[in-house]
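So, here come the structures, one by one.
Shared between the two complexes below is subunit A, which has subunit B as its partner in the first and subunit C in the second.
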Partner chain A sequence: MRQWYRIVFPKNYLDRRKRAGFLFVLPALLFFGSVFLLPLAQSVLYSFHKITPGGAREFVGLRLYEKVLTDPTFWRAVGNTVQLLLLSVPTTVVLALAVALGLNRIASLKWRNLWASMYFLPFATSLVAAALIWQWIYEPVYGFLNYALSFVGIAPQKWLQSLAQVLPSIAAVSVWVRIGFDTMIFLAALQSIPGEYYEAADIDGASAWQRLRYITLPMLNAQIIMVVILELIFNFKIFDQVYATTQGGPAGASQTIIMLLYDTAFKFFRFGDASVMAVFVFVTLMVVTLLQWRLLRRPVEY
Partner chain B sequence: MKRNAKWAIAIIAAALFAFAMPGASIAQQKKLVLWTHWDQNPDFNKWYAEKGKEFAKKSGYEVEVVTIPYQGYEAKYLAAFMAKNSAPDIFMGMTHHWCGQYDFCDKMPVDLEKIYDQNLPKYMAEVGKWKGVRYGIPIEHGNFQQMYINTDMFKKAGLDPDNPPKKFDPEWLAAMKKLTIADAKGGEPTQVGFAIRSKGAPVGITDKFLPFAHAWGARMLSPELDKATGYANSPAMVAALTFFGDLVTKDKVASLAFGNPEDAFGQKRAAVIFRESWYFGWLKKNAPDVNFKVYALPCQTVCPGAGALFPWTDLVYKNSPNKQVAWEFMRFISNAKDDMDHHQLQGILPVWTANLESDYVKSRPDYQSTKAMLAQQVPPTYFHPKSNELATAFGEAVVGVMFGKGQPKALLDEAAAKMDRILKD
Partner chain C sequence: MAASPQAGRVLSAAAETSTSVTRQVHLRWIIALAVACGAIVVFFPFFWMAVTSLKTAPEIQRVPLQIAPDHWLNFDNYIEVFKREPFLRYLLNSAIVASIAAVSSVVVSSLAGFGFAKYRFPGRDIFFLAIVGILMVPFQSVVVPLYVWMNDLGLVDTYMGIVAPDLVSVFGVFLMRNAIEVIPNDYIDAARIDGGSELKIFFLVILPSVKPAIATLLIIKFLWSWNEFFWPMVVTSSPQMRVVTMGLMSFTNMYFIEYNLLTAAAVISILPILVIFIVLQRWVVQAVVMSGLKG
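Moving on, here comes the complex of A and B:
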């Protein structure tokens, strides 16, 4: 308390320095507090209340948790989200790593940057715009994909209009959007691995696979974990693409947890129920991230 | 350093003050803001702004029209109403939601209420009211679906466009089959008899299915709107949904691969569609080469009647600082001439009784069909505060049947149980 007092009313040079430091981080603290912490606290609070927007708020204890966690629609949305995760995250990470390894072998800086930019471009595109373009690509009757497939004799598919194909189709869009970002991270990490390791491995007669297995992958461990966590969070929170393309359809086959949360809050105006879902997402992501961090992280020594 | 720190504190304090200061006094003191999500009717929306210029001459207030995309409009509206200072003065919405589920609407002044009670057709008298109190001005007379047929496609299929089937029976189905052109390679048909809604929010799918349900004599909720089981899953509803689902899965006269059904009809890929009066204006503007006629919806055990799931009205926001002026504007446009001009501009049926036999209305292709629909029994209405959520739960069963996720009875039982939970909660 005394320290805070001296920051506000400094008595000496050191106090003034502390105050200056505090003022530098204050905007970030205010931003983080108002945009992340406050809504989080509000969500937790709301999850124990039945709320009428613009009206009354009634404390209902754990009743909303019981209601949401026993609702089949909620678990169907969780199931869809997990399926989407399983389809997109490994594919994105593996493909991004493969692309980064390929780009890393290009000696010309100019060509490497050109290719890297091409992969990165979808990441810079608006998700909704990208989703709308893909919606046209997937269009069953006039879409580009079915047109292209017709040249190799494959019958037209329903893609976003099919119960079985809708999740893989959305996952493909996610992979396309995210691959560039992950590639950049892997490429930067690959370029920081000391060349001596590979030279030593060559002298010892290591194969390409052995170099990848025993040098590259362990050295990329921290980046792989980070990318997996980021992909996990991105895909768990997926909304834009689904909202713009299928709105959770057909027949709820692509309704993800955030889609359901959105509908519950803003279409049905059940803020309490939606807050329970938000808390569920937060806790799940927190636990999974901590587990990944604990189980997969390996110390790397150069 | 000391001086810099003082400056930093001053800047931050000024920023915080600006952030915390209510913005109402800064913005739009001489402007009424009107929000609409009828994005398919741009001329109808623009008319408010044009009329606002006339209104400004006597009041000093112009009208700014903001068109909110229909998809997700609820979230935008709700956020604005809760924030208060970014909300519109006038908005388009359903009375049972914004005035029933919430308390965001201002009650209509008595003199204006009297005008509407005296000048609306009888079947529309309740549109815009919640618990007997009038809040909103109904904006669409023909807010019920009718049967639009493509006359050229009918002729080509050897059918008489002047005498389309009038019942949901084997004859209607045979006509739809004649109008459907299958893909030679076994893919999706290139042309369908019936344009079906299968995409988007289930609530919209429910809306498009309800005429079938009502024609079979079924209803989604009890007359008191307090129960779904026994109604949403009644044998009549199961029969209606079986017929509806079979259009896609068994009879194959409708396709899930076609996107927006309105576009499919406008692109001559579908021969029949059920839509409201605004669709006439939309077709004239967006697909002027489509030759069509409009008929009353087919009947089955009964006729479906003129009913709507979405009774749109213009409402005044309760917390608007300009609400008195907003009502003045509403009063300014509440007369038969403006009603006619406004609706004719977009090709929509006018609302006032005085205009229903006008030359414009009589010249429309839906004049006879509208009269025929209005002569039928009034179908059930579902003006419940939770109608969105209820219709979504019901729509999940409808769309589930179309996509072959289950049998109509099982899915309707599940939906009815869910709807009862929503009603009790």
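Moving on, here comes the complex of A and C:
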């Protein structure tokens, strides 16, 4: 407390310097406090209240949690989101790793940069634009994908309009958008592995597979974990792609958690129910992030 | 001929090395080819979007599908996009919002980065940890109260409302702190001895030494804000406040989509980002690798 008193009423030069330091960080603290911490607390508060569109609040305890967490619609959205995760996260990470390993083997810097920027381009476009371009490619009658598949004798598919294919189709868009980002992170990490390790492995007569298994992958351990977690978080919050294309359809087959949260809050104005979902999303992602910190602190084994 | 077995061994060893060298050369070409094919597949949707935007409505409904447009210089769809929707206004809105977000992010983040990196004050490390902890809070978890506040403050449907949650990002504070940390303290002390105030040191010593970090943050923040969709959709209500990602959505509906117009609009929305991307590629890649932090 005394320290703070001396910052508010500085006595000497050192106090003034401390005060300067605090004043420099103050705008950022105020921003994050008011845009994230306070609203988060309020979300928790809202989740215990029934709120009418007029703004009147009534404390209802855990009733809204009971209502949302026993609602099959909610669990269907959770299930769809998890399915999307399971489809897109491993695909993205494995493909990105393969592309990064391949790019790393290309000797010509000019060509490597060209290919790398082509992989990277989707990341720079908005998710809405990406999803809409793909919706056109998926178009059942005039779309390019069915046209291309007709050459290998595959009959036209309905893709986004099919109950069975809608999730894989949306997952493919996420893979397309994210592959470049993950590749960049892997490539940067690959280029920082010291060449001596591979020279030593060559002298020992290690095969290409052994070099990958015993040198490259262990050296990328931290980046792989980081990328997997980032992809989990990104895909858990999936909204733009779904909203732009299927709006959760057909028949709720692509309804995701954030889609449901958005509809609940801003279509039906049930802020209390939406806040229960907001708390659910926050807690889930917090657990995932804490898990990441635990995993990353584990020393890398060579 | 006593030496012959040995000579034979040497020869066969040489032959083995040469086959393994050719195999390596082959492998290199196969890898390069695979990487190139993948890149072309990834790039294809952009090509397809551009080609579709040059076709007329009857052209895109031809069976069997025809790849090339009849006229490569048919820009009617682009003109129609601007006629049908106030697309120029959407572009302007996005540019305003993204620019404010980028500049404010640089100002607030570098101030905070300086404070965290070069000063000691009570609670400094706790504050910094708290800011990093914000990474765990998904924006969707705070969107309902934020909307209620914006409503109470009368900021719904204003630029200030759209840009409010985007003004600073955790990534920016983290980036600037790391960049400022490596500036030698001697420089700062020298400036103090010359009688510079702390704020003057910030402007004359700190900011000029972290130009690369500033460029990185400006670019990535502009890109993020330009592509933002969820919050602008929540907080705007009138058509003239829409940003460009929402503008794209006005060319879709559940039953019938004019893809020739939609792709033209998509090209327009991507073009500014593409220009930034090509001109400043080195910075963008650096920014993205460092932004691995953003959740």
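In this section, the second predicted complex is superposed on the first by the 291 of 302 C-alpha atoms of A that agree within 3 Å, B and C clash if a C-alpha of one lies under 4 Å from a C-alpha of the other, contacts with A are read in each partner's own complex, and residues count from 1 in each chain.
Just so it is clear, a residue touches a chain if its C-beta (ideal position, glycine included) is under 8 Å from a C-beta of that chain, and two chains touch if they have at least 3 such contacts.
This is a predicted model, so every value here is computed, not measured.
Trainee: Taking the superposition on A as described, I'd like to know which of subunit B and subunit C A:A155 touches: first, second, both or neither.
Mentor: So A:A155 only meets subunit B here.
Trainee: Would you sort A:D263 into first (subunit B), second (subunit C), both or neither based on which partner it touches?
Mentor: In the superposition, A:D263 touches subunit B alone.
Trainee: Just checking: does A:P218 make contact with subunit B only, subunit C only, both, or neither of them? Give me first, second, both or neither.
Mentor: neither
Trainee: Per the contact definition in the header, classify A:I106: touching subunit B only (first), subunit C only (second), both, or neither.
Mentor: second
Trainee: Taking the superposition on A as described, I'd like to know which of subunit B and subunit C A:T125 touches: first, second, both or neither.
Mentor: second
Trainee: First (subunit B), second (subunit C), both or neither: which does A:L163 touch?
Mentor: Only subunit B is touched by A:L163; subunit C is not.
Trainee: Compare subunit B and subunit C by how many residues of subunit A each one touches, and report the one with more.
Mentor: If we count touched residues of subunit A for both partners, the winner is C.
Trainee: Would you check which partner chain A:P250 touches, where first means subunit B only, second means subunit C only, and both and neither mean what they say?
Mentor: First partner only.
Trainee: Could you look at A:E139 and tell me whether it touches subunit B, subunit C, both or neither (first, second, both, neither)?
Mentor: After superposing on A, A:E139 lies in contact with both subunit B and subunit C.
Trainee: Scan A:T52 for contacts with subunit B and subunit C and give back first, second, both or neither.
Mentor: Once the two structures are laid over each other on A, A:T52 reaches subunit B alone.
Trainee: Overlap of the subunit B and subunit C footprints on subunit A, residue-wise?
Mentor: 17, 19-20, 23, 27, 139, 141, 243, 247, 262, 265-266
Trainee: Considering the complex alone, what residue numbers of subunit B touch subunit A?
Mentor: It comes out as residues 1-2, 4-5, 8-9, 12, 71-72, 74-75, 78-79, 81-82, 101-104, 185-188, 190, 198-203, 256-259, 386, 388-389, 392, 396, 399-400, 402-405, 418, 425.
Trainee: With touch defined as at the start, can you tell me which subunit A residues reach subunit B in the complex?
Mentor: For subunit A paired with subunit B, touching residues are 16-17, 19-20, 23, 26-27, 52-55, 67, 73, 139-141, 155-156, 158, 161, 163, 243, 246-247, 249-253, 262-263, 265-270.
Trainee: Mind pulling up the subunit C residues that touch subunit A in the complex?
Mentor: 28, 31-32, 34-36, 38-40, 42-43, 45-46, 48-49, 52, 60-65, 108-109, 111-112, 114-116, 118-122, 124, 127, 130-131, 134-138, 140-149, 164-165, 167-168, 170, 173, 198-199, 202, 223, 226-227, 229-230, 234, 244-245, 248-249, 252, 254, 257, 259, 262-263, 266, 269-270, 273-274, 277, 281, 284-285, 288-289, 292, 295
Trainee: If you look only at subunit A, which of its residues touch subunit C in the complex?
Mentor: These residues of subunit A touch subunit C: 3-4, 7, 17-25, 27-29, 31-32, 35-40, 42-43, 46, 99, 102-103, 105-107, 111, 113-130, 132-137, 139, 141-142, 144, 147, 176, 179-181, 184-185, 188, 226-227, 230, 233-234, 237, 239-240, 243-244, 247, 258, 261-262, 265-266, 271, 274-275, 278-279, 281-282, 285-286, 289.
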